[in-house]
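Look for chain A in each of the two complexes below; its partner is chain B in the first and chain C in the second.
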Partner chain A sequence: MTAPAPVSAAPAAAADLRGGRRYTDRAFRAAMLAAAGIVLLVLVGTAVFLVTSAWPALRHYGFLTFLGSDRWAPSDATAGSTHPNPYGIVQFMYGTGLTSLIGMVIALPVAVAVALFITEVAPAWLRRPLSSTVDLLAAIPSVVYGFWGIFALIPALHPVVNFLTSTLGKVPGIGLAFAGPFFGVSYFTAGVVLAIMVLPIMTAICREVFATTPADEKEAALALGSTRWEMLRMAVLPRSRSGITGAAILGLGRALGETIAVTMVIGNSVLAITTSIFGQGATMASVIANEFTEATEPFHLQSLFVVGLWLLIIALVVNVAGKLVVRRTRADIA
Partner chain B sequence: MTAPLTPRAPQAPRLDGGDAGLTRRHARDRAMTVLLATVMAITLAVLAWVLVYVAAQGLKYLGPAFFTQTPPGNPAQVGGGYANGIIGSLIIVGIATVISVPVGIAAAIAIIEYPGRLGAATSFVTDVLVGVPSIVTGAFVYALWVTRFGYSGLAGSIALAIIMLPLVIRGTAEMLRLVPVALREASSALGVTRARTIVSVVLPAARAGITTGVMLAVARAMGETAPLLLTTLGNSLFIQANPTQRMSTLSLQIFGDAITGFQSAQARAWAGALTLILIVLILYIAARLTGRRLTLTRS
Partner chain C sequence: MRARFSAVAAGVLGVALAAAGCGSTGNVSSNSGSGSGTSSGAKNVSFGSANKQLCSASVNTAPKYANPIGTIAGGAKTLSGAGSTFASPLYSTWASAYSKATTVTVAYGSIGSGGGVAAVQASTVNFGDSDVGMAPAEIAAAKGGPVLQIPVLLGAVVAAYNLPGIPAGLKFTGNVLGEIYAGKITSWDDPALKKLNPGVSLPSLPIAVAHRSDGSGTTGIWTDYLTKESPAWVSKLGGPSKSSGKTIAWPVGIGGKGNEGVSAVVSETKGAIGYLESDYAIAQHLTYGQVENKAGKFIEPCIATIVPAVNGVTFPSNLNISLTDGSDPGVYPIAGTSYALVYQHQASKAIAAGLVNFFAWVLTAGQDLNASVYYAPLGAGLQKLAYAQLKKITVGGKPVA
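Our next item is the complex of A and B:
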């Protein structure tokens, strides 16, 4: 593996030994740095290959025309015509954003509550097992979540959604976002699955952040007569605000790129933005997974690379932002 | 609730009609405690729901034949198994591990043991790579490899290796950071070279932690589906042990069969899902147990 040629232990001329040792030492260092270089190359390569693969479509239709439409209709594409661009991707960005947002809205309060419970309420002996158990949610593969989502979650969601469509859905204005009909697969279903999938990482970050609250501040709050909840609200939570924000952003970053589970429960409707969260749609990741191996129309595959390129850009921006926010709280675990 | 920091609830004096404010504060405290406990319980219940549901569905079909047979040519047919997918997963993830572990450990050594501009850049890029969606990595490997050599198990291994790489680096770097400087200095003082010190002193001291990181990365790779869809494509008909050819994996077979309308195919997919969860959980728990012995042994 990484082991260099062993240094000879046999008695040799001192000068030779020194020379040989210095040589292996330098070679080892070069090998390690080369490995580091490979890591850099992987990221550069990802960007370069995505751009070059997307390039024909970008050049044919123009860079910004992909953002000018929410209609993805590969069958309309011909080798010659450049206008209108049949590969609008706004609906995928909308789908990615909406599903991730739903996931966040559900997961963030749960993550904060679970992390508070584990670090501050649960008896000490229970903290480790609880943490590990919540982490197990991250071990379950995406494809299993999707499969479970179709057969177990969707039937369970039906009554909830029916209730929401018949109440919120009737409200003028916002009713549009909660309108039926609900066929099971939807943005909302994908959002719920995403919430479960990003919960462990968000909980883990919140836990780390809460654990950094100085004990004397908590004790001071208690000594002044606060109840435990008041102590949490006034000593722990305010200090953790940027950490919680970081957890939310990193969870968002995870949700944006999630592919298979979302593909299985979102309905894969690519032709327009569906206004209701109970409607069917697609995300940037799901359309790639769904159409990539069957992309035969002109510029179809290249346009999927355009989607991939945008997904990469968005995911990187979100992840680096989350990283910076979390790092500011010095709870650098994510 | 017997947490160490639980405040003693003072007895509210009842003489003057009761300290309503205090009572209300304690009521709110209790309500919030109950709320936090409830959310915790719901979270655990969701985990149990997923595990129990998959186990119940999977056990209906799981049997010896599942591990020894390939799926029937017609997905509507009952019977058959995922032998080809299981073999494919093991080979593809095996190759990915062989690629990513040495490179990952070496890169972590570069970050920690040879600090400098390259190390800092690598550290940052590692963090960035964790955030690259796996489907994008799949598209990258498609453009890099599949367009030249076609769909193959090897292409899948490359994609999985890229996904594992930052996990291995991070796990290793964290452990290397924990190795006491005194160990390195002691080794240097004996006239041992930097390289020899790292290989014979630092790495052995960090071994348990590195193993944990690698196992978690393998567990992650085992469950990946999206990038494989773009690289190995799948081969649901026969056992293919040659990684230069299209291969199936457990995850691809589950995905393919789950979205067919055939109950027979779904029955196989549930058994596959249970198998996959078991493999991943075993890796996960093994990693935890190894991680628990993290106390660095002074050699």
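Our next item is the complex of A and C:
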């Protein structure tokens, strides 16, 4: 801690200067370490907290019984009985997966198309306002998306979905997945809302990725006589595969955990998996949001923590898997 | 460039919001009822148009109960409470009137009945409130000993529906409501509904059943009634212990979070039916039905038909009893109360005096305000019993009042 004793006047000044710099360097280093440490601490702390909070339910019912049923019926729970586990969570995983899937299926092509349009097709004067408008979508709070979903999207979806349920819904076999009646709130509605919510982040990343395509490769393609579409297909898209994958994964990450907007439009049916995508369901996030305030049945709150724990696990797995995919595609290109 | 762009963006947003606004008004079912906008002190309080003979009867909504306890000196200047969302609009009304009259601040958190019970058990608030009385086991789990349960209001849970062109006052029986909620009756033109409503052209629409997705005292009152009246409901849920309570394993339907969530589902879904605390149904201009009572009469919910819910009821000493399915021939059968939850043995003299002062006021002058937010005042018999509970509050073994 103590600075070395000065030998003579001039070097002393230099040493002071260096000493001062050392202190600020050290302080800076400590601050950065603390910041990094806090991030790590928060992640580990959250995981530990979830496990300890969920522990009583996990110990009471067993680790895997939660995955053995799609019936969530807190009113069946008693303090004594351990079998069957009234807190089945498979339907929530299904709901989270299905709504995210619908969201990605709609959003990914749109995001790629919008990003291509902005970077390659649109006239220069339109590019900036257009990309800012897409970014603005991200600034809309999710509760407003839910609100919009109920009051604007659902009335607009009614004629489309009624047509689908009366056509596709009548086909034997796959008809089950498109069966009516459609009451507005459904997996499908939640998926459409999610698609709009993940669009900005996916478009922004795709845009950045497309913009990095070297100009000479594009020019080479054009010089060989390609049309604009062929140039995009041969020069821009293949280079961007890993970037598009990354965009999709970040979008998926947002979709998996989205809570309030989904809760408002999914219909919150927790008792079983609903086969039709136009039926009501629930996601892992929505059941927690709905029930934590009044989780008064035995092991009810602890079981909600189990749901939260699984949501964390799934989110981590998706992120890690995504990172691996991105790394592999990058290797393919190189 | 930037500035011009912002203007464009603002315009786009404005259009989007305007479109959303149109959607919201376009789909709300019209309430054909002449729902008279009632205000504090109004003599004729009616929720709708049907059943004129009862709901237009002159009802004394301001009973002006005497307050012999008055104001005990040395009461705390701030009190905290939390619980029932059902009672929350009324606590807000009381708190603002009470602070004007006495400068005492009462903060009430609308966190739900279950939350209110938990908060009292953990002693994190001065008082709680729950629409369903505390079970003996719940009281045993409370930190501070025995809990007094003081009824503070009478209210109704209404069956609201969205059927374009069909006016308010559709007739339901408890069993028909039970069969709808059990998923047995799935269409509005079901013979059972047609038989109850001759002359009404019920559409061939699927019924969208709406219920609460969170635990709720409103659910407790609703399912308590269904359990009493509908064998189909009880058997579908697997016995009376599972068919009644704050949390239900709903066999069918759409879950909405809170009264707001259910009223949004009902107002936005053609063919929907949902149960709502009456205040919310009125605020959203929803249409709601008449329900058959024990005497076989179809009754519309309004103050004149809620007050008789306490007639013929023998209250136990803790006042914890269900008020649904009353025996009075003029009663609306899905009525309930909300209980203020207060520890009998208080630690602090100031808090105890503050609580006694506040609830003595709530049970007397405060009752005159109930009708302003569409609740009924406690009938004279129940008011007396509730008021007597306050005398049981002690500090250091000595009664406060």
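Here, the second predicted complex is superposed on the first by the 288 of 334 C-alpha atoms of A that agree within 3 Å, B and C clash if a C-alpha of one lies under 4 Å from a C-alpha of the other, contacts with A are read in each partner's own complex, and residues count from 1 in each chain.
FYI, a contact is a pair of C-beta atoms (placed from the backbone, for glycine too) under 8 Å apart; a residue touches a chain by one contact, two chains touch by 3 or more.
Computed from a predicted structure; not experimentally measured.
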Partner chain in contact with A:289 - chain B first, chain C second, else both or neither: both
Partner chain in contact with A:43 - chain B first, chain C second, else both or neither: first
First (chain B), second (chain C), both or neither touched by A:150: both
Which superposed partner A:318 touches (first chain B, second chain C, both, neither): first
First (chain B), second (chain C), both or neither touched by A:64: neither
Which partner, chain B or chain C, touches more chain A residues: B
Partner chain(s) touched by A:124 [first = chain B, second = chain C, both, neither]: first
Contacts of A:76 with chain B and chain C, given as first, second, both or neither: second
Touching partner for A:271 - first (chain B), second (chain C), both, neither: second
Contacts of A:132 with chain B and chain C, given as first, second, both or neither: both
Common ground on chain A, meaning residues reached by chain C in one complex and by chain B in the other: 132-133, 136, 147-148, 150-152, 263-264, 289, 293
Complex contact set, residues of chain B against chain A: 1-7, 25-26, 28-29, 32-33, 35-37, 39-40, 42-44, 46-47, 49-51, 53-54, 57, 101-107, 109-111, 113-114, 118-119, 121-122, 125-137, 139-140, 142-144, 162, 165-166, 169, 193-196, 198-199, 219, 222-226, 229-230, 233, 251, 254-255, 258-259, 266, 269-270, 273, 276-277, 280-281, 284, 288
Residues of chain A defined as touching chain C within the complex: 71-76, 128-129, 132-133, 136, 147-148, 150-152, 154-155, 180-181, 183-185, 263-264, 267-271, 280, 282, 289-291, 293-297, 300
Chain A to chain B touching residues, read off their complex: 1-4, 7, 21-22, 24-25, 27-29, 31-40, 42-43, 45-46, 49-50, 52-53, 109-110, 113-114, 116-118, 120-124, 130, 132-134, 136-137, 139-148, 150-152, 196, 199, 218-219, 222, 225-232, 253, 256-260, 263-264, 285, 288-289, 292-293, 304-305, 308, 311-312, 315-316, 318-320, 323
Complex contacts: residues of chain C adjacent to chain A: 1, 5, 8-9, 12-13, 16, 19-21, 23-24, 26-27, 111-115, 117-118, 206, 208, 213-216, 242, 245-251, 253-257, 261, 264-265, 268-269, 271-272
